Amino acid sequence: MIRLQDVSLTYDYGTIFQKTAIKNVSLFIGKGESVSIVGKIGSGKSTLVQFFNGLIKPDSGKVFVDGADLTSKKTDLRLVRKKVGLVFQYPEEQFFAETVFEEVAFGPGNMGLTGEKLRNAVFEALSSLGFEPNKIINLSPFELSGGEKRRVAIASIIAMNPEVLVLDEPTSGLDFNGRKLLLDYLKNQNESGRTLVFVTHNMDEALQISSRIIAMKDGEKVFDGKSEEFFLNESIVYSVGLEVPFVVKAWKKLKKRFPDLPFCRTPDSLVMAVKESVH
Amino acid sequence: MIEFDNVYFSYGNGWAVEDFNLKIKKGEFVALLGSNGSGKSTVARLTNGLFLPDKGNIFIDGKETSKARDELKAKVGLVFQNPDDQFVGTTVEEDIAFGLENLAIEREEAKRRIMEIAELLDIKKYLRSSPSMLSGGEKQKVAIAGVLVMQPEYLILDEITALLDPVSRKEIFNFVFSIAKEKNMGVLYITHMSNEALNADRVVLIHQGKKISEGTPQNVFSNFSLVRSCGVSIPDSLYIAEKLSEFGVIPKREYTEKEILEIL
Amino acid sequence: MKTKFALGQYNYTNSILHRLDPRVKISLVFTVVIFLFFIKTISGYLVLFAFACMLVFLSKNSIYAVFRSLRPILILLVFTAVFQIFFTPGTVIFHWRFVKITGEGLKLAAYISIRLILLSFFTFILTSTTSGIELTDGFEALISPLKVFRFPAEEVSLMISISLRFVPVLFEEAERIMKAQISRGAEFNRGSLVKRAKSFLPLLLPLLLNALSRADRLAIAMESRGFVIGKKRTKYREMKLSKLDYVAIITTVFVFIVALMVREIV
């Protein structure tokens, strides 16, 4: 689906500000996967995903989406952007339209949808994110609450019906309930077939949502594999500047007492699993 | 002591803060925990006189915030969430000097204080740098320096780690905690992250402008449903410890995160 | 993502000129520019030109950078010169069909061109050796006498320095918003003029709102650090006159005298 081949990027080449942002990264993300790209701020994780929809081009190496070479001039980037939907951090800061309808319709409209099809796309996206479309389409996006704004912003990308959904820290700024709802929504989306790429430094969320972890440090990929392997390896997690979630630390200890304990990703599931083992 | 006495405040649409009572003594580290829109940022702005209460009073060491508003700014230092939006100077040194310029402190004294704070926060190497060259955590350090240099007796920290990554968050939190204890400052640490609140002397839970609960972290978090109904999560460690003690896996008592792992 | 944005032509090379007090530099350049119009002889201009070359050398700028600084005025230069050459009345020295070139025209074109070039050089020397913040401080100091007329010199200077400080921030923000909108299929360079103008709304509106909310937050942060408009403040940044500044002033005056007194060579 998305393939990066030995990709590198340097900023301000030839000046005193020269900085290597991405160093020789290769990876492949297949259809239907749920991958979390983790790392500290400045590790290159946010830059990396900008290759996926052709926003930026590497200095060397190649980027392929469904076989199409994004570095070639022949590739229609618009089609790529329809396939790979990118949700930036604090996406509600992109709002500019007078009504929620216009805002959500912007993306699909740019992709060529009109009339009935456009309307359906907007309505479906809004309902999938828990709204009653008729109640909200005529409101101003600026008058919504923080959590509602976030969901409308995400709906504006969902409305383009991308095959791959890339989200950069989608839960920042949300409270406990907002986070839970959003994470559940994303898990459902992935279960329904949407490929999910989740960029974050929140280890608890990465643990919950993805089966695969790609860890970045100083522009290089230092881990690419199953998420259990990553989280159970304390030294790797610390070496990229992140923390092991408490759930995993507790699980490790409990596994010694209860050898049949399955790997748990949330406090609730851990507690349930222990209860089972005790009885 | 900072004292909130039956305080009410409104932005024009209902009460943002309602019948709020709070006492913070020098040397205390109090966490104000709440979800977005709970009123915690409003409380922050009321503490240093930026806003004045519509009803009720706020006293800083006995003086009302409506009087002596200028000296209040030096006494009660307020640090905000977004590192970019606090930076005024074109270099770090200039920015830290901003508060001192406002207090009409002479250059000699200002320079002395700045060097002292830069040493304390280990930012001497950045003094000549421009803000665009610093990371989020470093910028927050500068913001804190800019406030500490005014020699406040109380610190109000409004979600100062919210936009940082986990490592920087810990660093900044540990720093403000130790500096506050060292200088015996009264601290109101505002956050929506339960894990940070675990380290406070006292936790105040706020929801829809009202104080819902107050006590030691263990006490406040022991009421799971109440805390969750305020849009705040229970720290994983406490939740797991509580449930495990219910099944008899570990004895029932109060635990810190370290203790739980040790006993398992 | 940290993009370093260099505003203007400031080039930090730690030359002698960088160490001069900005008030002195601004005043001298201002004076030189006015003085340019009092010189009527070619040799006078040559003296000033030699002076400019010396300053460029002292500023440690590359010759390439200096000539590049002429680019903005190139069109103006050519246009004015051509205009003067072909349309000034006087004794005709060249005649072909309806095209007339006069001696006076050539002379005037030469003078105007030289003035423009020298103006550009001196301005470049000023901006390449004086940072934005120094320029602001210098201007503030020079216009502060206007405070007598209630002109808010200090506040204006603070506004300028804060704006300078936020230029890179807003540029990054603009880049971020542009990328977000491009990811939604927006295109900024297609179609008719009207279409293009409309296409900028998804960029400009969020940027404006962002700038406004930053301004709001910054104002609150400033107020929390005790900033009150009108209240007495001390100034941390200082400008001190040194021997070097006196040397600069005397040298410039000397150059003026020489330029005025040198005989007509051409």
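The chains carry the letters A, B and C, assigned in the order they are written, with residues numbered from 1 in each.
Everything below uses one rule, namely that a residue touches a chain if its C-beta (ideal position, glycine included) is under 8 Å from a C-beta of that chain, and two chains touch if they have at least 3 such contacts.
Worth saying up front: this structure is predicted, and the values here are computed from it rather than measured.
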Inset, instruction - Just grab the chain with the largest centre-to-centre distance to chain A, centres being mean Cα coordinates. - result: C
Legend entry - Winner on C-beta contact pairs when B-C is weighed against A-C: B-C
Legend entry - Centre-to-centre distance between chain B and chain A (centres being mean Cα positions), rounded to whole Å: 31
Legend entry - Distance from the mean Cα position of chain C to that of chain A, given in whole angstrom: 45
Inset, instruction - Spell out, as numbers or ranges, the residues of chain C touching 2 or more other chains. - result: 2, 4
Legend entry - Residue ranges of chain B in contact with chain A within the complex: 35-37, 135-136, 162-168, 192, 228, 231-233, 235-237, 239-240, 243-244, 247-249, 257, 260-261, 264
Legend entry - Of all residues in chain C, those that touch chain A in their complex: 1-4, 176-177, 179-187, 201-202, 205-206, 209-210
Legend entry - Residues of chain C defined as touching chain B within the complex: 2, 4-5, 132-133, 161-162, 164-165, 168-169, 214, 217-218, 220-228, 231-238
Legend entry - Footprint of chain C on chain B - complex, ascending: 45, 48, 50, 70, 73-74, 77-78, 80, 82, 84-90, 93-94, 97-107, 110, 130-133, 143, 146-147, 150
Legend entry - Contact footprint of chain C on chain A as seen in their complex: 11-12, 17, 19, 21, 46-47, 50, 53, 55, 78, 81-82, 85-86, 88, 91, 93-96, 106-107, 109-111, 156-157, 160
